[in-house]
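Next come the structures, one after another.
Two complexes come next, and they have one chain in common, chain A, joined by chain B in the first and chain C in the second.
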Partner chain A sequence: MMEEKIISRDDLLKICKDVIEKGHTLLSPGIAEYNVVKDVSQIKLDASALPTKTSYKSYVFPKAEPVLYYKRSKSDVQLIDVNVDGKNIIILGAKPCDTNSLNIMKHLFNWDYSDEFFNLREKHFITIGLMCSHYDEYCFCTSIGLSPVSEKGSDIFLIPLDKNNFALRIVTEKGKEFIEPYSEFLNTVDETLSRQVTENVKQPEVAFDCKEVHEWLGSNFENPKWEGIGNICLSCAQCAFVCPVCHCFDIVDEDYSYTEGRRMKNWDGCQFGNFTLHASGHNPRDIQSKRYRQRVNHKFRYYVDKFGEIFCTGCGRCSRGCPVSIDIKEIVSNCKD
Partner chain B sequence: MKDLREHTRELLEKGEIAAVIGYRQVSEMRTKPVIVTDPADAEHLVFNEYCLNNLAVYLTKARIKALCRTKDKTLKLAITAKPCDVHSIVALIQENQIHRKDIHIISFNCHGVVKDFGCEFNGDNLASKCITCETHKPLYFDKIFGEEKETPKASDQALARIQELESMTHKERFEFFKGEFDRCIKCYACRAVCPLCYCQRCITDKAIPRWIESSSHQRGNFSWNIVRAFHLSARCTGCGECERACPADIPLTLLNRRMAIEAKRSFSYVSGRSLETPTLVGSFNEKDSDELFM
Partner chain C sequence: MNNIYMPHLAEIKEIIDESPDTRTFRLRFKDEDTSDSFEFKAGQFAEYSAFGDGESTFCIASSPTRKDFIECSFKVYGKVTQALYRLNKGDTIGIRGPYGNWFPLEDMKGKNLLFIAGGIGIAPVRCVIDNALDLRDDFKDIPIICGARSVSDIIYKQEIKEWKARSDLKTVITVDPGGETKSWDGEVGFVPAVVEKTAPPSDNTAVILCGPPVMIKFTMPVLTKLGFKDEDVYTTLENRMKCGLGKCGRCNIGNVYVCKDGPVFTYAQIKRLPQEF
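Our next item is the complex of A and B:
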């Protein structure tokens, strides 16, 4: 599929303007979150920016969404379906550590049950990735097999060649379909230019070996280390909610009145004490250390065993934002010490 | 730093304390909480401008309290606390969550902390609470380190913002908070880091009946954030941890500070300042103002 072209920044913004005018949703990274672009002057396309505080998963897997409405009468319960909005969402300038997130989540949402809400939104999601030229102490994309120039998950991938020009790589069929109407803005390019940029990009050092971590986790379920981490962790779900791949949810019914209500699918986090609380009062993960152990095992062991993929993108959001500075990269890198 | 390490090592060696809740440097511009039980680990303890966390939150945790119980006696727990964190400790004692005699407070004459991890401290980029801080010397302590020095004063932007909000119409103010709460993802980091959010079971975790919807839609987010502000009114000591922890950058201080202003105006009460004073919500005086009844 790979095809490479050159596009100027101005032309790229022209495409964005057209996308907005056509009524599609255009997302672009701000500082705290990915914002819906109303005016193209908002678009920064800054390869040196750190990942936003929150990921864009809420656009495919909303933090709270109704899955059905219900009406009750004396003799009957009537269920009313929800129509999922199949609107095109185009994300421009997604970090390589974010672009692969939907591919990872897809496994879960199509495992024992096919989640039509996720799938429909994902189908209409067009990802335009942007190479990343900056990392900090929490980044570890290279340790989980990605890199600042990874095209994985992108439909189109951008590489800044200079201040005003980008190499534009068409990665998937979906990306080709999207860009075709704008072919007037694309020019042929010498592919060695972008290769020079990607080959010289600064990459975080590989901090750990996923296979070794997987192995260590398998034989260290009762390691006293977990207790040490559990003593510090305060049981919020910041890590899970800012994570681009964490996908746990809770189903709750919200009554408007005695006769009407709706069933909601809300984000849930495995670090909450009541996440595994049974109706009987028993809680298999009753203390924080067991909950943190679950988080690491799910990311680097259970998901790998089940779906063959590491449940992490190495973006470092969970560590960067952790109120008590728990650093997952440090924990898995030093697990054997 | 040497004094702090020697002092805590000695206490641990003598068996006077069970553990030290302290800070450990993890990178040049970041520290993290650490629980030290082994005297040899006292060498990791630090105190500097990057000690942002309010460690008082750990004092009420069952797993930390459990460290203190030995066969024949209950040992003390040592905590390194900035003067503003001591306010939280005082509030916890006032509310009978901990006993003064069980806590060994190691405090510092504080010159302020940096506004966020990863920002290089240059003397001016202080956390906003430090700019208006009036307690550079702790009100209560068992051991104190450091020299007294004032923090540079700057304009109180949070107060200016509160006044600005008060001058708005009800509708405008609602719109403002709607915009802010829209970003709430209900991760409850605000609750988790708050030393005074020690409820065994938070009202938002109660499902039957469900007082606060768990959905982070507009109504759910408003009910959570407003109930939290009410529950902390005349209790919040203004440490600002909730705002620092919030991944959605919601200015939670505006709510808590506004309630603190009200407590001071109506009842001359400031939370966490005196061990001799009963809590505002836990005391009643016939002369109390009733103008806040709704």
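Our next item is the complex of A and C:
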């Protein structure tokens, strides 16, 4: 599939403008989050920016969404189904640590039962990734098999060649379909140019070996380390909410009148104390150390065993945002010590 | 769009007050096609909705061989079970399911079946008992041992009466010490002690054991002593669930999802799991 072209920043913005005018949703990273672009002058396309505080997960898997509406009369109930509108969403300038997120989540939302709320949105996602040229102490994409130049999950991948030009790699059929109408803006390019950039990009050092971590977790379900972390962790679950792949949710009913309401699927987090609390009062993960152990195991062991993929993209958001500076990279890197 | 979270509507056809805090609903789907096509196996569970309060997870307590209705039994504990308790005959609830695996009755053909149940754990066991009784010739001896905290806490009194009346079953009912009444003619003692006392033969026997974790914990050593193998003891795990579909992320024990890989496990399987349930 891989085909490489060159495109100028101005032409790229022209495409963006057209995309918006056609009524599609265009998302681009701001500082805190991926913003819906109303005016193309907002678009930064800055490869050296740090990851946004949150990923674009909420555009495929919203924080809160109704799965049905109900109306109660005397003893009858009427259910009203909901439909997800399959509107195209184009993400421009996503970090490589974000682009792979939907690929990872796909397994969970499709084993046996297919969650069409996720699937319909994911199907209409067009991901234009952007090489990443800046990392901080929390980044560890290289440790989990990604990199600042990974095209995994991107339909189109951009590499800045100079201030005004990008190498544009068409990675998937979906990407090709998207860019075809704009072929007038694409020119042939000497591919060594982009290779030079990607080969020289600064990369975070590999901090741990996933196989070793997987193995360690398998034999250290009981380990005093968990208690140590559990004593620090506040159970706030911000790590789950900023994570580009965490998918836990709750299902709750919300009445908005005596007779009507809706059933909501809301984000939830495995770090909350009542997450696994039984009605009887029994709680399998009753203390924080067990909940943190679940989080690390889920990411580096359970998901791997189940779906063959590490449940993490190495973006470092969970650690960057942690109010008590728990750093998952540090924990897994030093697990054996 | 296929909405996996959309329940079927069902009417409460009958309410049976089993004990002061436990009720059984006899339910029939409102849609005839669903009624005809709804198939499940003994041990599977469903998500039951009280609209406005949410969903709760219980096993299907009736036998799959009895097709006109399905039954569920629940003890009033949390928000949803309280809401269900407030409903009346003729009211509407939601049902999603069936989910999860089941007791492999087809593999137990030709064997003795030993049923041991405590408290509300009798609900999944009853489903298998009724199923086995409808296929009585497939199995050899069927001893049943049921325990409850007190005489008034015994549920399925009607079913127990019928089991006791049958000559091809051996039914023992016990209540915890102090839970007996003056006229109580059954056993007095905790389930593990009664199992030890009755000493059912372990030869060619599959055990179906459900009840509170503490009961299972103390019954297992007794069964081992009596010669039962861990892989012949079937039980269920009851982790908290929301979706029942392997997505919401709360019922896992290690990489096992109770909602999909369970709720039925052999004791041998449970022993291999991380001890976090």
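Everything that follows uses one rule, which is that the second predicted complex is superposed on the first by the 336 of 337 C-alpha atoms of A that agree within 3 Å, B and C clash if a C-alpha of one lies under 4 Å from a C-alpha of the other, contacts with A are read in each partner's own complex, and residues count from 1 in each chain.
Operating definition for what follows: a residue touches a chain if its C-beta (ideal position, glycine included) is under 8 Å from a C-beta of that chain, and two chains touch if they have at least 3 such contacts.
From a predicted model like this one, the values you see are computed outputs, not experimental measurements.
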Discussion item. Please determine, from the superposition on chain A, whether chain B and chain C clash or fit.
Written reply: fit
Fill in: chain A residues touched by each partner, larger count belonging to chain B or chain C
C
Practice prompt. Considering only touches as defined above, state whether A:Gln288 meets chain B (first), chain C (second), both or neither.
Written response: first
Discussion item. Applying the document's definition of touch, where does A:Asp209 land relative to chain B and chain C: first, second, both, or neither?
Written reply: neither
Item to complete: With the two complexes superposed on chain A, say which partner A:Asp250 touches: chain B (first), chain C (second), both, or neither.
Response: both
Discussion item. Touch test for A:Asp85: chain B only (first), chain C only (second), both, or neither?
Written reply: neither
Worksheet item: Can A:Asp10 be said to touch chain B (first), chain C (second), both, or neither?
Response: neither
Worksheet item: Which partner does A:Gln238 contact after superposing on A: first (chain B), second (chain C), both, neither?
Response: first
Item to complete: With the two complexes superposed on chain A, say which partner A:Glu177 touches: chain B (first), chain C (second), both, or neither.
Response: neither
Worksheet entry | Where chain B and chain C come nearest after superposition, their Cα distance in Å | 5
Discussion item. Based on the A-chain superposition described above, do chain B and chain C contact any of the same residues on chain A, and if so which?
Written reply: 250, 252
Practice prompt. Report the residues of chain C in contact with chain A in the complex, numbered from low to high.
Written response: 1-7, 9, 49, 51-56, 77-78, 81, 88, 90-94, 213, 238-240, 242-243, 245-255, 260, 274, 276-277
Worksheet item: For chain B, which residues are in contact with chain A within the complex?
Response: 26-27, 30-35, 53, 57, 63-64, 117-118, 183, 185-189, 191-193, 205, 207, 210, 213-217, 220, 241, 244-245, 247-249
Response to the item:
In the complex, chain A touches chain C at residues 67-68, 70, 72, 75-77, 79, 81-84, 108-109, 111-117, 120, 221, 247-253, 255, 261, 263, 265, 268, 270, 275-280, 282, 284-285, 290, 294, 297-298, 301-303, 305-306
Discussion item. Looking at the complex, which residues from chain A come into contact with chain B?
Written reply: 32-33, 53-54, 58, 63-64, 136-137, 228, 230-232, 234-238, 240-242, 250, 252, 254, 264, 266-267, 269, 272-274, 287-288, 321, 323-327, 330
